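Here's the structure, in structure tokens; my notes come after.
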Amino acid sequence: AELKIGLQDDADVLDPAQSRTFVGRIVYTAMCDKLVDVTPDLKIVPQLATAWNWSGDGKVLTMKLREGVKFHDETPLNAEAVVATIERNMTLPESRRKSELASVEKVEAAAPYEVKFTLKSPDVTLLAQLSDRAGMIVSPKAAKELGANFGSHPVCAGPFKFVERVQQDRIVLEKFGDYWNKDHIFIDKVTYLPIPDTTVRLANLRSGDLDMIERLAATDAASVKEDASLTYADVVNIGYMALYANIANGPRADNPFGKDKRLRQAFSLAIDRDALNQIVYEGTAVGGNQPFPPNSPWFSKDIPVPARDLDKAKALVKEAGFDRVPVEMQIPNNPVAAQMMQIVQSMVAEAGFDVSLKSTEFATLLSEQTAGNYQLSRSDWSGRVDPDGNIHQFITCKGGINDTKYCNPEVDKLLNEARASTDDAVRKQKYDAAAVILNDDMPIIYLGHQSWIWALHKNITGFIPSPDGMIRLAGVKKAG
Amino acid sequence: MYTYIAKRLLVAIPTLLIISVFVFSLQKLLPGDPILAMAGEERDPEVIEYLREKYRLNDPVPYQYVSWLGSVLKGDLGISLRTNQPVLELVAEKLPVTIQLAIMSMIFAFVIGVPMGILAAVKKNTVFDYLANLIALSGLSIPNFWLGIMLILLVSVKLGWLPASGYEPFFSNPLRSIETMLMPSFVLGNALAATLMRHTRSAMLSVLSADYIRTARAKGLSERSVVLEHSFRNAVLPIVTLSALLFGELLAGAVLTEQIFTIPGFGKLIVDAVFNRDYAVVQGVVLCTAIGFILMNLLADIVYVLLNPRIRAAL
Amino acid sequence: MAGVKTPVLSVKELTTSFLVDGEWKPVVRNVSFDVMSGETVALVGESGSGKSVTSLSIMRLLAKNQSRIEGKISLNGKDVLSLSGKEMRQVRGHDAAMIFQEPMTSLNPIFSIGRQISEALTCHGDMPKPDARKETIRLLEKVRIPNAASRFEEFPHQFSGGMRQRVMIAMALASKPKLLIADEPTTALDVTIQGQILDLIKLLQEEEGMSVLFITHDMGVVAEVSDRTIVMYRGEAVEDGTTGDIFHHGKHPYTRALLAAVPRLGSMAGQKWPLRFPVVDTATGTRSEPVAVADTVDRRKTPILEVKNLTTRFPVRGGLFGAKTGAIHAVENISFDLFQGETLSLVGESGCGKSTTGRSITRLIEPDAGKVSLDGYDVTALDSSSLRRMRRSIQMVFQDPFASLNPRMTVGAAVAEPIVEHHLGTRADARDKAAHLLERVGLKADMMTRYPHEFSGGQRQRICIARALALDPKVIVADESVSALDVSIKAQVCNLLMDLQQSLNLAFLFISHDMAVVERVSHRVAVMYLGEIVEIGPRDAVFGNPQHPYTKKLLAAVPVPDPDRRGIKRELSADELKSPVRPLDYVVPKRSYREIGAGHLVQLEPAA
Amino acid sequence: MTALDQITIATEQRPPSRAWRKLKANKGALVGLGIIAFFTILAIAAPLLPIPDPNATSWSAIRKAPSAAHWLGTDDIGRDILSRMIWGAQASLMAGVFSVAIALVIGVPFGLISGYFGGWTDQIISRITEAFLAMPFLITAIALAAFLGPSLTNAMIAIGLSAMPVFVRLTRGQVLAVKTEEYVEGARSIGLRHLSIITRYILPNVFAPILVQATLTIATAIIAEASLSFLGLGQQPPAPSWGSMLNVAKNFLSQAPWMAMWPGAAIFLVVIGFNLLGDGLRDALDPREA
């Protein structure tokens, strides 16, 4: 059976070491198996590694590998191959995986089917990193032959192997006959087609040109649910939607909104997150005030998502010594973001904020945000399995993508400690403590969490929505 | 004739140089850091620095231009920053798509625009003329993205007649290929038909009042022969020039339509590349479309010359 | 042309109207006439009198929804106005054929000559293609196109104007029509070529025995070709009679005005100075006898304009880099001078370099060599600002009064403009002077706010003259200034020029190919041929005693407005114009001149 | 005075009034003028009209079909579409008119210079124009709009600059034709300065076709603003323009078809209006047309 999947974008280079797009990861899910995988409830489970354990000081991770696994080019997967891949990820000049593996000191083959990671300092998030691109093992033979050009013909150990790619048109994979778990694969061929326009994507599904689409527009949810020939699936994602306030990033930070946390608190209080969810996302999203969605185990129940409180917001504005506060907000130029921010604009206006919107295409928005040339910037994060990935690099003083340039040693301390502990209870406590401080300083105003929404034809069964937004094809069947 | 072509090609060289400057300055003109755009969500500083070096972004601008031009002249358009694919390969991959789309659109434009223009001219100031103008103008005033979506919803989803999008290479399955391109080329052709119709109409009007048409009538020729032979064959000259211009524009101008129908042609390639700041692709492809545009104009001039005995003899 | 007296064409009470601004405006009213078989009838009248509309009505070639034809037209026994479109197409070509005024634009530029003629044979479905081809070649030979067979595939632009007109005639003759309508077939042509075409039509008519309706406003042509003449005036046929009658006993004042204004070559014999034209009032028919022109030339002074060895060439380019491959020797080594109060005429056939001479003298074109002194200054050496100042002394009046005024500028502004531009006065001064000048040329000062299109051709030409006078020039170059005008208006404008010469002591360089007018207005005449002056001298000497063969040929070609001389033919030569294009290595032969009489020089034939 | 001179050849009307009279006689042009006047008046009078604030959102009236309260319905965040249509007219008409004005102001002088002087000046201007023409319109516009930063003004500048080369070409071609007219030579022969000749002789006589092209380009520019809006580079939210409304509406074609219908119809009408007017102007300004 052939499966055609409509994606929102075209993937970038198909090399797990170099890739950076979300849709790229969707393709890898079918093509490249990882050392470990994630379940829909975000538990880490074996994939290419069958078992693992941490040393007592949390500085050594040993993994047992599955035996009898072959890459698509029929070379066997063993500890050597894993070491080669991880080293490649750490040393290839073009590699985008360096920061993910920054804590790794060295990686060695302890036995033919056992690898040992030695860390510079304790880092429990490594396991989560290995559940994604950093942990995708590629054929050492192909990697050596193609080098940085591996993406032109990727060779991994996943259920499907690469057939062809036409940029902006399609990526075609076919079933790999020697896949270790081939009994669970019921699809013979997968084609991914990038169709950016949501209306058109749905139209293609309806007309039968596609079997399945990702990121259905929330506004189309109702009509898909009504459609007897289609199946609807959604799940709240692990990322977030947020507004970054320029706290200390360059001269433009020097404004009341960046300086006075009361204004940011007032701003947040003036937003009716439920209304946003209803109007823009037809109830498919959830409101939020933390880097994790309310259904996440890491969400701090002590700080519930605030209801709109205009009086309090007005009072805070007054307290800060203002009547009206001018704020410039840069937003990405896609229609949904524009719709949402226009609503926010009119909501906060009632509390005394005169927001002017600056709609900017994404590349510009990103560089303005990095350069600190903004007051308030809408920025979303696709989310990581480990909570650290949703917070550490954004909030810590030296965080790689800390564009607000918020810096609080106390928060840094808490987040670093959370990273080092292998005990989830300890970690949770640290994150809760940080959440309290962040909710007060509010460098980032969290707005909520979107859902991943899929629509499929009725004859496609066995698809399990996953909060990481991936499309896992094991178990998926196509009838007729 | 050959000297004429050679001369025209020589004149194209300065034009291409200017285009190369335009195209290159796009990179400097556009805000947004290309490296940032491709560093990924994590934006690893080490990677960023490496890429900056690799793509020579730390060199002085004139130096960058000269070295870029140098490799372009050697036939090397660089590689896509986003997918590492050589730009030349990308161009070769998209060119057939773009050309097929352009040709089919032109066919639509001609089939709709030219007969309507002729009739409107012959029946000037009658109901037919007004109607033809109205239809043409509606083609001109309906944005492509809108018409495209409407067509998909109607033809593909409601009626299920044609595939909603996608592309099939012509030589792998010609019928299916034409089928997939039918709607997008209609959308594009429809807009062009308006321009074509209006130009055909005015060219026909001026020819119809020419002395030699009166001569043709005085000979006792049938109206059909007067209109289609004597008039249209003369009126077609400006239309040829215009179509080359339109065709040239189609090479890169079908952005929105390609986007709606997800046709992997030049337009979509360029726009995506602009938004991703994939400059090697932007520069390479725009340069290619510009060359295409110039070649199309040259072709039009040659056809013009061939159709016009007066200039033909002068060469 | 004795024949059976049955009318081939009979027009009864023809009224043709056009839809103008939603109203039917008749432009031809109640016109009736017959054309007998084998007869040639001339339709004459001033421009706009409805001649063309009448002929187009007969052929039903007017735009259907914008014109209305009433009355009765029977052509070869058929009631033209009641025929269906299809039947009418059969009539066109078979019963009547037509040739038009503009040979340059009346042929389809993208079809070969052969195709266009054979089409006339095949379109009625009565001749197969190969036969048509043979017949076409026969026709081309008949109209004396040299090498007819080999020119079958050639295109109109490869033919000269005269040859194109012959092609038109061949096309018209193709299906042996009973009636040939010729609408000003020679107006756009040179005298020499005009002569050839007229002879050709006469000859063919004899051979084929067809009737001809000949439309023209040239009375010389009328006298030469027609048996009978119909005079049209403002949409009506005011007079109809044999050509002799019309010429000798014309009754309608307009007919008389028309005839009075016709210059007759040779009528100036014995006249010392230029002579004004007599003017007949078209309303009353009273004729005012011309007042003699006083002697205005003073040859003792130095000439106001001296031209020495003037040469102007246009490069002919070709090849890859547009390198020069040759040159058009438009003006080649010419010398003459012009005195105050004198008119020097420059004559010669089309393309011989007359205009280029005029434009080189005023430096509208940069001459390649030679010296031009105007009022003592060396014109060829001036920088651009002195050049603008020099232009005050020498002004031009162009051929086409329609084209030589900016259509979007009032005539007042047009006349006042040079004064303001040269800072010769304030705007108010300029306006006053413009008003004065307009009155000077016989217009009213209150016309200053009108736009050029609101004037008649003659009035427009006067405006151009007024503008030329605005800067008080000493010399006026009049380049075909009266050629485009109707006879009667031509006379008026010529009279005006002579008046101005007398009162302002102007010098004219009068460029024209109309020999009869030239004879009337000039003191001296220079004949140009292929860029060179072949004969120059006092008017009576050149006209009375032409020496150079080309001068003789030119004079012989002029139609004589005397019906009694009809039937006399010139020798028919079908030779084409020689080209002034020369290769790069062309060596200009040395020319020498022989003095025949006082100031009468003739170029000697090169010894070859 | 002779008798012939007394024939009054034409009416006493001046060309402007004559053109106006001819325009008035042209039904199509009048309809076009009417449409444009209607939208222009709406656009100008927007602040005075008793309509809701175009940016006022209402969460209880999201995507409501046309009704007595909202004549044309409401949009995706509960704004009154009628009011947004009226305010949007301002942006869209301005996008059309100003971009064309920019194209004219820059393109026409270059075309005049290029055509009139010829030679090297012409070569340089022609080559640059050609290069501009060879650059895809939307790419130039996107690049310029992105460079200048997204805003309606910048979109207008971008569209104007991208449309400019066409005017250079057109003007140049016209000048080449007019330059050989006898009256231009006449102007030279009375010793006029180049500037006077260009402004008084050439420009007025090449303007008619340029004007016609301009009205056509206004239509294209309105659509181009819609396209730039589609790419997020036109009018900035929440301010309305027809293009941006259409752009948002396309995501709700099945849920709220009226969102697309009104701006679509308005663009269609205005484009037709400008084209009818353009046709009428061409006829009215052409002295050969009766």
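We just call them A, B, C and D in the order they show up, numbering each chain from 1.
Everything that follows uses one rule, which is that a contact is a pair of C-beta atoms (placed from the backbone, for glycine too) under 8 Å apart; a residue touches a chain by one contact, two chains touch by 3 or more.
What you see is a predicted model, and the numbers here were worked out from it, not measured in a lab.
Of the two chain pairs examined here, C-D and A-D, the one linked by more C-beta pairs in contact is C-D.
Inter-chain centre distance (chain A to chain D, centres taken as mean C-alpha positions): 46 Å. Centre-to-centre spacing of chain B and chain C amounts to 50 Å, using the average Cα coordinate of each chain. Per-chain CA centroids place chain A at a distance of 39 Å from chain B. Annotation for chain C: no residues touch two or more other chains.
Residues of chain D in contact with two or more other chains: 146, 149, 231, 247, 250, 253-254.
Multi-chain contact residues of chain A (touching two or more other chains) are listed as 199, 361, 364. You'll find the chains touch as A-B, A-D, B-C, B-D, C-D.
Residue ranges of chain B in contact with chain A, taken from their complex: 30-34, 36-47, 50-51, 54, 80, 82-85, 90, 93-94, 149, 152-153, 156-157, 160, 163-167, 259-262, 264, 268-269, 272, 275-277.
Those residues of chain D lying in contact with chain C across their complex are 1-5, 7, 9-12, 14-15, 25, 181-183, 185-193, 196, 200-201, 204-205, 287, 290. On chain D, the positions that touch chain A within their shared complex are 55-57, 59, 62, 76-78, 146, 149-150, 231-233, 236-238, 247-248, 250-255. Of all residues in chain B, those touching chain C in their complex are 3, 6-7, 125, 210-212, 214-223, 225, 230, 233-234, 307-310, 313.
Here chain A touches chain D in the complex through residues 198-199, 217, 219, 223, 275, 278-279, 331-336, 338-339, 341-343, 345-346, 357-361, 364, going by the rule given at the top.
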